[in-house]
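Next come two complexes, and both contain chain A; in the first it sits with chain B, in the second with chain C.
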Partner chain A sequence: MAFYVVQFLTGLASAASLFLVASGLSIIFGVTRIVNFAHGAFYMIGAYIAFTLTERFSGAFGFWGGVVAAALAVALIGVLVEIVLLRRIYHAPELFQLLGTFGLTLMVEDLVVLIWGPDDLVGRRAPGFKGAVDFFGQNIPSYDLFLIALGPVVLGVLWLLFQRTRWGVLVRAATQDRDMVAALGVNQKWLFTSVFAVGVFLAALGGALQIPRDAVHHAMDLRIIVEVFVVVVIGGLGSIVGAFVAAVLVSELNAFGILIFPKISIILVFLVMAVVLIVRPWGLFGKPEAAARKTPGLSVNPWRPLTLNERLASLAALIIAAMLPLFAGNYALTVGSEIAIFVIFAVSLHFLMSVGGLASFGHAAYFGLGAYGVAFLAKMAGLPMIVCLLLGPLLGCMGAAVFGFFAVQLSGVYFAMLTLAFAQIVWSIAFQWVSVTGGDNGILGVWPEKWAASPSHFYWLALGVAALVTIALRVMVFSPFGYALRATRDSLLRSEAVGINAKRIQWTAFVIAGTTAGIGGALFAYLKGSVFPDNLGISLSVDALVMVLLGGVETVSGGVIGAIVYKALNIWLVSQTDLSKLVLGGFIVLIVVVFPKGIVGMLEILAQRRRKSSPPGSSLLAKPVESAE
Partner chain B sequence: MRARNSFVGAAFALLAAGMGHSALADDIKIGEINSYSLLPSFTEPYRKGWQLAVEEINAAGGINGKKLVVISKDDGGKPADAQTAANELVSSEGVAMLTGTFLSNIGLAVSDFANQKKVFFLAAEPLTDAVTWAKGNKYTFRLRPSNYMQAAMLVEAASKLPAKRWATIAPNYEYGQSAVAVFKKLMSEKRPDIQWVDEQWPPQGKIDAGPVVQAVAQANPEAILNVTFGPDLVKLVREGNTRGLFKGREVVSFLTGEPEYLDPLKEETPEGWIVTGYPWYSIKTPEHDAFLKAYQAKYNDYPRLGSIVGYQTIKAAAAIIAKAGSTDTDKMIAAAEGISMPSPFGEITFRKIDHQSTLGAFVGKTAQKDGKGVMVDTSYKKGSDYLPSDAEVEKLRPKD
Partner chain C sequence: MSVAPPLLAVEGLTKSYGGIHAVRGVSFSLRPGEILALIGPNGAGKSTCFDMLNGQNKPDSGHVRLLGEETTGKKPRDIWRMGVGRTFQITATFATMTVRENVQVALISHGRQLFNLWGSAPNVDRNEAGRLLELVGMGGYADRPCGELAYGDLKRLELAVALANDPKLLLMDEPTAGMAPRERVELMRLTAQIAKEKSIGVLFTEHDMDVVFEHADRIIVLNRGTLIAEGSPAEVRGNPQVQAIYLGEGLLYEGGHREGASA
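Coming up: the complex of A and B.
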């Protein structure tokens, strides 16, 4: 019995660490709607700075002072980031801030190694909490007891802050309806800055308090960021109590789960999230999101099919791309094939995100399923390549059909997180089912047949498929189905009022996007000759999001440009510099500031300005489309 | 116009310099791939190691009179990116062979690439047995002692312990799984009386150490096998120390004696664990002294195990090319099969039968000295003594 009590307390200690970080993320999202990907980075910097301070100043005062000072210092950095970077992009399309904070995260990962060196750092134990307390023959670390007490204390302080201060009232009001708060004359700028500072402070405090338990190293951020997102979503976005309950739930399930299934940890949080979201679409303590008042951004620059000239220009670009084998070497061609495949992947997500308004955080699942589909068919059934390429993506299609059905019942970030949960579940199956998938050692030897083996032939194949896919999706955007899908995106209520079956339309779009991603994955398997669980992993899903956002989410085909720019730059930088993450992150942050609508989005605005200054005749052409919007 | 031309010229010069093409057509180029950005604590000393080797080789006149150039790429810890890098090195840089890699899945991905493109690949670090056995191929050789060899070294010491109730803690991925599987198999062969009472599989890099330690303690084992390393090991050791998990229990642990993983532990270092590792401070052989001296003179730092791996990888590559007298792949394979060469750990041989080198490892016990973790009672275990019989190896390895 004593064992179960101790195991429960141990779970509570883990929960407290998780809650500190999650509460900060929840507050930031609730008010600013920023999906703060850099939250883990702030957590990590907090730990690094606290390490330096506590090593330097010894004694109780040095330790606790160092921890608090580190958190304050990082909060200051947070304020700086908010003022310099985020303030510029609050009005950018939804999720665009994710791109900026992703860039920051990349930079921080390289910077901490530059500043603190590559070795894992192990800090001091907390003065006064070094030992353990005996509980009927079981040992409980006294630091765990400290954390267990700290969790509710922080929860209480936050509660007081939100319920009993004017600032808290404003924050709660902004969480509920920030347009109204702005209309009532509250200075949103400083409200947002202060909220961001508080959130970052909590993240850094969470990181600093890990020093006595953990090693400080440069991958701490990724270890925690996904998990705290999951906790926040399980609890319900913006709900602090929810985050607390979710942290306890997840930690306790893990603490007791490993007694029965020692391998459960790898997937537990995602399983819990999937179940919670299917049963309660807004998390345990969340409320339905108020229908966002759409900024008029989308209708100002209506979509239209390409003009004849633009079509000719695109065709010319395609022909030039097809001539690459005439003057490029094998390496350039293989990179070209990889970029073409990522164009397919990016346009598939772009279709879902920009046309359907459904941002998926787990799109790599369908890419990877397509790749595994090919690997199974080629290695186990021994089918010829062309058959594998045609049938492989069906695995992606089936995955999308099953998961999409559940996912489209939700919307916004909840939709995104449910897709992430499904992707992680698929990933863990590929990772754990060693006898079928080969586990993390993957499936090797999926090489193309002779006719496609040479780099130039494979390049033409990939380029051709990419062009076909892009054209097909564009045709779909301007088909009745595309218009119906855009209607569900712009106004769910009105679209249902005119008789559109929104869920079915969205589900169809999800399956189309998943199958398309599967086509990309199928080609990718042959390009690399092997398939690994990585092909379904979070980092690939994030890559796809970055490509779409970089290209411009409010455009019809921005994903194409986003994929080319991001992938080419990524491959080139990794090859040329050891600090590829720092440079790439810096580049992304720069793009975010300079092109807040993405690269293509910005080009379209420029083109439109030019069109406006030209005689009115040309703009009349766009009129019928506009009225159809 | 002239000004513009010189500007263009300067731009091209910059570009060329940026591309790192300092190699001449006559140089021997070796491609090297590793997870520099993902695992800097291992790869930084590793890089220093191979850079030292390149310097020594060129100072001694290069390989058969030609200068050696190593072109190094980062794979970011992703198999797909490793293949992109391998492709660049082979197709674009025209390297004579590929070397490097750390993670098992990346080692396998590059090995498969090498097999497909008929390129020589000398795997430096990946430990999975599959590299030389189940998924072995003609083009792939490996330097470091495999999972099997390290397990066999540890089992030799572990089987002498009186403990009968064993628990295992290992990261939940291929390395951890296969380390536990081999250890259990070899151990049960020697000691049929052993019981396996608990196993814990925390996700790699994400151990929630408290509950894991508590769960293992609850099973009340007499001895524990640990396979975690890096930050996971730190968390495990800290929780284990505080909760008294290791008190009165024997612990056998993979890799823990390597400075990369032992040094961060400082005053938390547990006493008396049986570990594999690299006690650079207590190896007193002329070969190692020479290496240590050169390394410390160049970097003003002590070597980690990564330094040895990086150093010997390039030394081995150079020895193979020198013996082959050519960079032709088939000739290099023929030269590499059965080649013997000196190393800081003494002479090693790349076996013809499975392309595994006989580089060994040190086994010893952990101890604390002046608040630092060290290995004591160390002895060097030759790799050749811990490999299965040729008949078994032939069954494990597909025919070329």
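Coming up: the complex of A and C.
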């Protein structure tokens, strides 16, 4: 019995830190509507700075002062980030802020290694809380008891802050309707900045308070950010009390899940999140979000099929790409194959995200399912490669059919979070069902047959499939189905009023996107000769998002271009420098600030300017565009 | 004389929220080609009534029948399939698509081509879309992105979209709200003309009494959820109960004592 009580208390102690970070994320989202991916990075910097300060200054004052000073310092960094970066992109397309903050996260991951080194750092024990308390023969670290008490205290302080101060009233008002608050003469700029500072402070404090419990390391940001997303979603976006309850819930699930279901402990949390999202999409303590005011006059260029000239140019590009084996070596061809595969992956997400307006945060699940599908068929059933390539993606298709059915019932951030939860569930299964998937060791020896084994042959195969997939999806964009899908994206109300079953359209799109991603995954398995749980992990899902956003989420060709640029740059940087994340992150941040419409969006704007600046009489330039329609 | 059921028959429609009776036992009917205005002060239950007709809201009791067929409890998209077009109080269009594409989506849906993955949508019903746009005077705007349109043009586009499935009945929720006076007259004249030509029944709610009295064949008046008057514009205009609602208890003001006391 005592053991379970101790386990419960350990869970509560973990909840404190999780609550701090989650409440910060929740406040920031509530007011600015930014999904701050860098929140985990701020948490990590908080821990690192606190480590340095508490090592340097001894004594109780040194420790507690160091913890608070670290949080304040990181809050200051947050203010800087908000003013320099976020202020420029509040009006960028939705989720673009996510890309910007993701770029920041990449940079921070390299920066902390650069400053503090790659090794785990074990921090000092908290003065006054070094020992353990005996509880019926079980030991509880006294620091845990301190954390357990701290959680409700912080909750109380935040509650007072929001209920009793003018600033808190403004924040609550802005969470409900920020346009109205702005209309009432509140300086929105500084409200946003201060909210961001408070949110970041909480994240950094959460990180700093972890150092007596856990070693500080340079991957702690990703680990916490996923958990924090889960907490915020379960609790309800924008709800502090919700964040507290959910933090406790998630921590206890983690603490007891490992005892009761050791095999599927990781799934448990995501399963709960999925159920909450399906039953109560706005979270336990959240409120259904009022539809945001959309200003008419979106600056989106109407989509049109390629003109004849553009088609010829694309064909020429494809032919040039197909000639790569004539002059490139094996390494370049392998890289080329990988890029082609990622083009497939990116266009599949683009179809869902740009055409359907459904930004999946777990698209790698279907990529990975395709890869595992091939691995099962090839290794267990021993089927020939061509059959595996055709049937493997069906696993992605089936996964998308099941998960997509639930996911499309939601929209916006909730859709994103549910897809993330599903992807994590799939990942956990791949990771923990060792007897079938090999767990962390993966499935090895999935090699292509002779006809596709040489780098040049495999490259042609990947390129050909990529071209076919891209063309097929493009045709679909301009098919009646594509129009219907865009219609559901633009206005659910109107689509239903013209007889469109929006959910079925979106579900179909989800299955198409999942199957296509599965095709990419199937090729990927043969390219690498192996399949690992990473093939359906979060970082791969994020890669897909970045590729689409980088190319331009409002454009038709964004997926293709984004995949080529991102993947090529990524591979090249990794081969050139140890600080590839820093450079890549910096590049992404730069793109976000300078070209908020993505690469293709920027090219379109340039082309438009050229057209406008040409004299009105020169109909030669204008004509092909009109006839393009 | 008429054995055939009316185009739209509403019987005893009732809906309450908590203890508040938003709509109580409302019944009326509508003939093909007839333009019927549903009026009443704020909070009279017009919108609740409207939402129950188009399927966005379920009545507690009562029936709505379209040509004798029950529509109560059906989804908006199914009611649309039965031949009911609608426009919204606050326009709802596909903002990133062009004006023509907006109409084409409705035509694609009408032609049951929604799951056609390989056809070329830009060519689907292109002429029909153009014809509908001409009809509402939007022919020149076909290639403009819908997000760029002025409000009055959006309202006309909505009308074109609503006409795409050859409706038998048009439901228009405050069709002229937010429009300039001249635009209002034009839009309603156009609607009336189309309704007469194609024998479409039109039910609309409206706050502008000039629009109502000029274009409606018949008017029904709601107050506090119940139907208090029904008749031709002249009859309704002369109805003392209606006057009382719209003009206040006129007699009280005659002496001039209560000036300023009314809010």
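We take it that the second predicted complex is superposed on the first by the 595 of 629 C-alpha atoms of A that agree within 3 Å, B and C clash if a C-alpha of one lies under 4 Å from a C-alpha of the other, contacts with A are read in each partner's own complex, and residues count from 1 in each chain.
Keep this in mind: a residue touches a chain if its C-beta (ideal position, glycine included) is under 8 Å from a C-beta of that chain, and two chains touch if they have at least 3 such contacts.
Remember, predicted model here, so these are calculated numbers, not experimental data.
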Partner chain(s) touched by A:A497 [first = chain B, second = chain C, both, neither]: second
Which of chain B and chain C A:D119 touches, first, second, both or neither: first
Touched chain A residues, chain B compared with chain C: B
Partner chain in contact with A:I258 - chain B first, chain C second, else both or neither: first
Touched partner set for A:S194, first chain B, second chain C, both or neither: neither
Touching partner for A:S314 - first (chain B), second (chain C), both, neither: neither
Which superposed partner A:M476 touches (first chain B, second chain C, both, neither): second
Touching partner for A:A13 - first (chain B), second (chain C), both, neither: first
Those residues of chain A which chain B touches in one complex and chain C touches in the other: none
For the chain C and chain A complex, residues of the former touching the latter: 54, 75-78, 80-81, 86, 88, 92-98, 101, 104-106, 108-110, 113-122, 124, 143, 145, 147-149, 154, 161, 164-165
Residues on chain B engaged by chain A in the complex (per definition of touch): 18-20, 36-38, 40-41, 43-44, 73-74, 76, 78-81, 83-85, 87-88, 91-92, 104-105, 108-109, 112-113, 115-116, 128, 130, 135, 172-174, 177, 198-203, 205-206, 208-212, 214-215, 217-218, 230-231, 234-235, 238-239, 242-244, 260, 263-266, 268
Contact set on chain A toward chain B in their complex: 3, 6-7, 10-11, 13-14, 109-110, 113, 118-122, 130-132, 138-141, 143-144, 212-215, 217-220, 223, 227, 251, 254-255, 258-259, 262-263, 265-266, 329-332, 334-335, 338, 431-432, 434, 439-442, 444-445, 447, 455, 524, 528-530, 532, 534-535, 539, 571, 574-576, 578, 580-581
Chain A - residues contacting chain C, complex: 294, 296-298, 300-305, 475-476, 478-484, 486-487, 489-491, 493-501, 505, 508, 554, 629
